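So, here come the structures, one by one.
Each of the next two complexes has subunit A plus one more chain, namely subunit B in the first and subunit C in the second.
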Partner chain A sequence: MTIHAGHAGAPRKALPPRPSVLRQMWTSRADYLYVLPAIVVMLIVIAYPVYYTIDLSFFKTPPGLQLKDKIFVGVENYTAILSSEVFWKVTLNTIIWTVASTLIAFVLGYAAALALHRDFAGRAVLRAILIIPWVISAVAASYIWKWMYHSDFGIIGQVLVQLGLTDRQPNFIDNVHTVLPSLIVVNIWREFPFAMIMIMAGLQTVPEQLLRAAKVDGASAWQRFWHVTFPHLSGVSTVTILLLAVANFNSFIVPWITTGGGPSNASHIWITHIYELAFGRQRWGVAAAYSVLLFIIVMSLGYFYVRALSGNEKKEEGP
Partner chain B sequence: MRNYRLGRALAHGAVVSALAVSMLNTSALGQSVDLSQWSPEYVRSIAGTEEYNTAEQCGAVTPLDYEGKLTFWYQGVFEGDPDLLRQYYKEFFEAFRTTYPNIELEEQALTYNDLLDKFRTALLGNAGPMVVRLQILGGVEFASKGYLQELSPEDVGWKTEDFWPGAMKSVMWEGKAYGIPTNNETMALIWNADIFERAGLDPEAPPATWDDVVAYSKQIHDTLGISGYGLVARKNAGNTPYRFMPQLWGYGGGVFDEADPSPTYEEIRLDSDASKQALQASYDMYVRDQSVPVSALTNQQADNQPLFLAGQLAMMISHPSDYNVMLDLQAKATGTDQEKAQTVIDNMRYGLIPTGPDGKRAVVFGGSNIHILNPEYVEGGEVDEAAAKAMVCFWTSPEWSLKMAYAGSNPGNLNGFKTVWMKERLDSIKFLDVTTAMLPYGIPFPTLPETPEIMNIIIPDMLQNVLTGAMTVDEAAADAAQKVRDLTEGGGL
Partner chain C sequence: MAQVVLKDLVKTYGSIYAAKDVSLTVNDGEFVALVGPSGCGKTTTLNLVAGLIPITSGDITIGNRIVNDLDPKDRDIAMVFQNYALYPNKTVFQNLAFPLQMRKLPKSEIETKVKDAAKVLDITHLLERKPRELSGGQQQRVALGRALVRDPAVFLMDEPLSNLDAKLRVQMRSEIKRFHQDLNATIIYVTHDQLEAVTMADKMAVMNGGLLQQYDTPANVFANPVNMFVASFIGSPAMSLVPLQATTVDGRTSLTSSEGWVLPLSDANARKVAAASSHKIVLGARHSTIKLHKSAVDGAVPARVYTVEPTGDITFVQAFLAGAILNISLPPTAQVAPDEMVWLEFDQDRIHLFDGETEMALRAS
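And now, the complex of A and B:
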């Protein structure tokens, strides 16, 4: 195949008109036919529920009426949510929960991955042990942590008392100030293995010859990490952080099973509050409006996730 | 919206009428059991006086050779129930299948706290079961929305007079019956006589008033360093209102006027002085005296049971079945734990629920009701009416309404009290007298569609706001009253 490079001084030829979208679709009709079943399924299981949720968010659903008898109220549900004290309290909880869980799980996972990247005796066993929190059932883990945190006879408190670190059983989950940090600890425990696995996979892509060359040039371990390893992991780190953030934003099981959002809404995050509004209180309209707001935020995170993925692909393709 | 208000007004009228009827001398209405004579002695005197043949009676409603299909969801046993009850549930379904061998039955048990959520969700997708047995506070919500068929005891061969008037109120909506009571329960105060003695209290005398409960709880905690009273304040758990409402009513408070002889549910009383006194008593025990389990905010009654058996809790409100639960738990203990548990069981005492300062004694008139759904909300769009009625008849029969309530509550069908199994039960289930003696003090939850949210969310929220210090007693009471107001007016978040 011969490539004709353009001459700087040569007059530009007019480009042929770009075919319309419909024409392109018609030309590629066979390709569209192949993906049609997937598109139909997506329309049914994603597009319709999204449309229905948005539609429902403009209606009121009192406890004495069926959903089909809902009353149109315009944007009243949105204004009710945004003017509610509970909403802002729950929003603050959600931000603390998401940011703290994501960042700490990421940092711990990163550190664990770096530690496990080096060769030492028992590495495989340790790696398997560290993955356990991520693979066991979240429901089972939540119940176990609930009992370990129990304010009257939880094992964590008992150990602290036995060690003389405290006079009486600490109150982890029955106190409005300590409940959220206590649940964040559980969430981090559950999620840091995911970050660890992602970073371990990323570490496989760091060029060994670059690290050796840096070492030969006299770079310290920290300099090799900071100038070689860390930049190479930036792509996978961004993706990991975004995936953790989305997962934490939608994290339901740990707070719901352990405290049900209590006490006094202190551990409610958006997703548990939406569940309670919908299924506990039948405020389907309000819950739908809440879900639309959550959807917008998660979609924004999704946009950055896709951008991060595209960026990684471009880097891999090179200049 | 106007229809909604009209419905509420009609419902109020119906409830007032029903209450007025229930206030009449029950024997004058042809009640199967003379409720005006109700006492433990009377219950003993009628036990074992009648014989019933369930197959024969239900066979008159649905022929025993009927071929059909039935889907059935019910509030079943959960972790806090005794093994004895599990056995009766097993026997019930075996007996039904033997009696109606040609009815293909698909049953599904759900716990108290899960049933409402799952049932609501299924109904939104027209995927409900044909028959459902719901907790007593759930029926009106679904009847008001048109999900349930009209169903009265007469439809399955019984008489309305065969059931407690208070229980029948819980299935009425706009003057019509939409279900039949399966069982009715009133709880009692349980205490550990050994702990009382060691704390310097009279071991055989329970606290007479709620103020005494507060004082006893403090004395026990200060003397022995263990929890006095088993407070429960978890959200989304039926245990919370069942334990707090008797306290609220005892002090003279209420959500509305539900504790009055003729409630209208129009006046909200959660922020009344009497209601605040009740809330203050909980605050005093949890915050001021720290004499109750710290875990009360996340605990259910099932969490109090092991504490009680371990001798770490002196008083709690529960069913007579807790005695059997203690026996079951003891059987699972080993070594010295088993001996300790035996000491607790030997010292287990039951008494009437304490009164308020003015001598008012109250308890939640609890239980469950069985309902048949309208076909359009059922999976497949059809209800096998004959099969559904067979199940309803079977469960509400004197025999099975008693057996299914054997250890925990009382039969919905009053004729159950006359059966030989009641006599057997009086001899084998300890402390049954106390709970039957509490029945006349039973107050039904308000018969409104909003009641589940009020009892499962607003009341626990109010308690938690006070106990965590998030609000003062006054603020929490006012906040809860406002939430009820918003809810009944169709607004609020």
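And now, the complex of A and C:
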């Protein structure tokens, strides 16, 4: 009797035909049943409002008219928005607000995390203090900052006067040039602890042996950071920046409470503007059209967020 | 290459000694294994030599320099880590080049050195890959390469094989041994696997509880363990240790057990027992030196079989004797069943005797 060595010579079996999608769905029908309640809830609380908003964006809702008597105007709301001066001003504000808040909060948080990663006396206390801006009520914080910026009684202005940096209390938030930077400062103050916590968590995962290896290889503290820590944190950094960007793009409390978008729209960003259009001026159709545009932008950011997350997973899985 | 001398090295964390009065000399070109169980101080000792943790007291000399206060990079050492510690975002080439770049060598020289090291370790074809695209063995070679390019005075290796699977470990074991022979490198190698230490090292330093227990060639450590710890740690399966009582009747010294049997000792062994601090004696015997009989024989003691483990070319039998478990190796043809009564005969020239109080090996006075 001869024994064949392995299956090398045997003809390869043809793969069975791939089952159709419907058949696959039918075989895993129980799985669909399990997620059904969640899908139903999502349809009610997400899909329907999205549909309704899109629908509403094609209608005009003059004040005095009931919402059910809205008038169909096609894409007029969209053309009105895109051709209005306020739209471009608010868009520019939103970009400045989002980019500046995100990047500066991230850099500050990163630096704070690196500083707190070292072992020193009082580290735990300092860490707790630095987290406070993030955990206290945003409404309360906005009111406090509003008073600190006050043109007559604000402590910031008084300190500046006493230091001799200026003669008169500066008008931080009633001035079209300084209002947005002033609000961005508040926002950064509120958000950098989030970046700090994320980066601190990331720092825990930097392999000690890699840092030691770099030390033996002759790398200085800065080189160890640049060659080991920084690349190791690239994933968590991307996620942090994206989360901050989405949060800033959608932020409402700080600008709304502090200035309400004024003076003369100088601190309006999309969200506060939409809110004012809808609930202040009852221009539901225009507000809905704005919301649809916002939805598209946020979904694109969300797409990059998911891609960054899955990219990290792939990296860890290896080839 | 250079000599490494540790003198009364101490490392404490609070009141805990991680390493206590460790003194040993690693000669130029020697391969020394630091071996011991987890927490014995071996990795601490290696990190002290590397300069990754500060010493509490003592001296470390590499070459002719005392390096106590030098940074790791100034000690002329290279280190290979347990999980290779390759820079994941750099290619193999960049990983090998990194220590040279840190020394600001010219680009052309870096390239030559990296290529030479890659050739020695047979990783030239991997130079453009990232570490995650490599197998465990290849990563290990890259880690060795990164140590090799620096042409250090001493190679420090911290359990470099423990992340590999059993088969690859055996293969890399011989590759590292070959690496040592070809380069005539001074290597300090930390492992918890006594088999690695025995097979690879010129000398082994057995550590326990922060203390250096014995520092000698593997053959000597195996043949003459200084205490019960070394005896039970080195050798696989471990040396069996049986606690007994020494009695002397009419000038004849014997060991008696709580089970009632008596094992008469040879004159040489009797002299060793006479040096003990008390009557408590621990009898040590390696599996291959114990004879197993199926019926009572003169000079043999009764035991009960616990388990039988055939491994192919050797069958290991574990047997109860005076409250201890003994390992005995038998030819595969041996027919023994669990719970069977057997009689064990010890080779008087090859047994080890330990002081039951101090746990130190007894030597003839």
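Keep in mind that, in the parts below, the second predicted complex is superposed on the first by the 305 of 319 C-alpha atoms of A that agree within 3 Å, B and C clash if a C-alpha of one lies under 4 Å from a C-alpha of the other, contacts with A are read in each partner's own complex, and residues count from 1 in each chain.
In this section, contacts are C-beta pairs under 8 Å (C-beta built on N, C-alpha and C of every residue); 3 or more make two chains touch, one makes a residue touch a chain.
This is a predicted model, so every value here is computed, not measured.
Peer 1: Quick check on the subunit A-based superposition: subunit B and subunit C, clash or fit?
Peer 2: Taken together on subunit A, subunit C would fit alongside subunit B, as the superposition shows.
Peer 1: Go through the superposed model and pick first if A:Lys215 touches only subunit B, second if only subunit C, both, or neither.
Peer 2: In the superposition, A:Lys215 contacts subunit C only.
Peer 1: Tell me the contact category for A:Pro231 with respect to subunit B and subunit C: first, second, both or neither.
Peer 2: A:Pro231 contacts subunit C only, not subunit B.
Peer 1: Please work out whether A:Val176 is in contact with subunit B alone, subunit C alone, both, or neither, and reply first, second, both or neither.
Peer 2: In the superposition, A:Val176 touches subunit B alone.
Peer 1: Which angle, in steps of 10°, is spanned at subunit A by subunit B and subunit C when each chain is reduced to its C-alpha centre?
Peer 2: Roughly 150 degrees separate the directions to subunit B and subunit C.
Peer 1: With both structures placed on chain A, which of the two partners, subunit B or subunit C, ends up touching more residues of subunit A?
Peer 2: B
Peer 1: For A:Ser84, using the defined touch cut-off, is the partner it touches subunit B, subunit C, both, or neither? Pick first, second, both or neither.
Peer 2: Touch partner of A:Ser84: subunit B, not subunit C.
Peer 1: In the superposition on the shared chain, how near does any CA atom of subunit B get to one of subunit C? Answer in angstrom.
Peer 2: The answer for the closest subunit B-subunit C C-alpha pair is 52 Å.
Peer 1: Tell me, which parts of subunit A touch subunit B in their complex?
Peer 2: Contact set of subunit A toward subunit B: 60, 62-67, 71, 80-81, 84, 86-87, 146, 150-153, 169, 171, 173-176, 258-266, 276-277, 279-283, 286.
Peer 1: Where on subunit A does subunit C make contact in their complex?
Peer 2: Going through subunit A, the ones touching subunit C are 207, 209-210, 212-219, 223, 227-228, 231-232, 234, 315, 318-319.
Peer 1: Quick one: which bits of subunit C touch subunit A in the complex? Just the residue numbers, please.
Peer 2: Contact set of subunit C toward subunit A: 50, 52, 71-73, 77-79, 81-83, 85, 87-90, 98-99, 102-103, 132-133, 146, 150.
Peer 1: Could you please specify the touching residues of subunit B with respect to subunit A in the complex?
Peer 2: Residues in contact with subunit A: 1, 4, 7-8, 117, 120-121, 124, 141, 144-147, 227, 233-236, 293-298, 307, 312, 449-450, 452-453, 456-457, 460-461, 464-465, 467-470, 487, 490-493.
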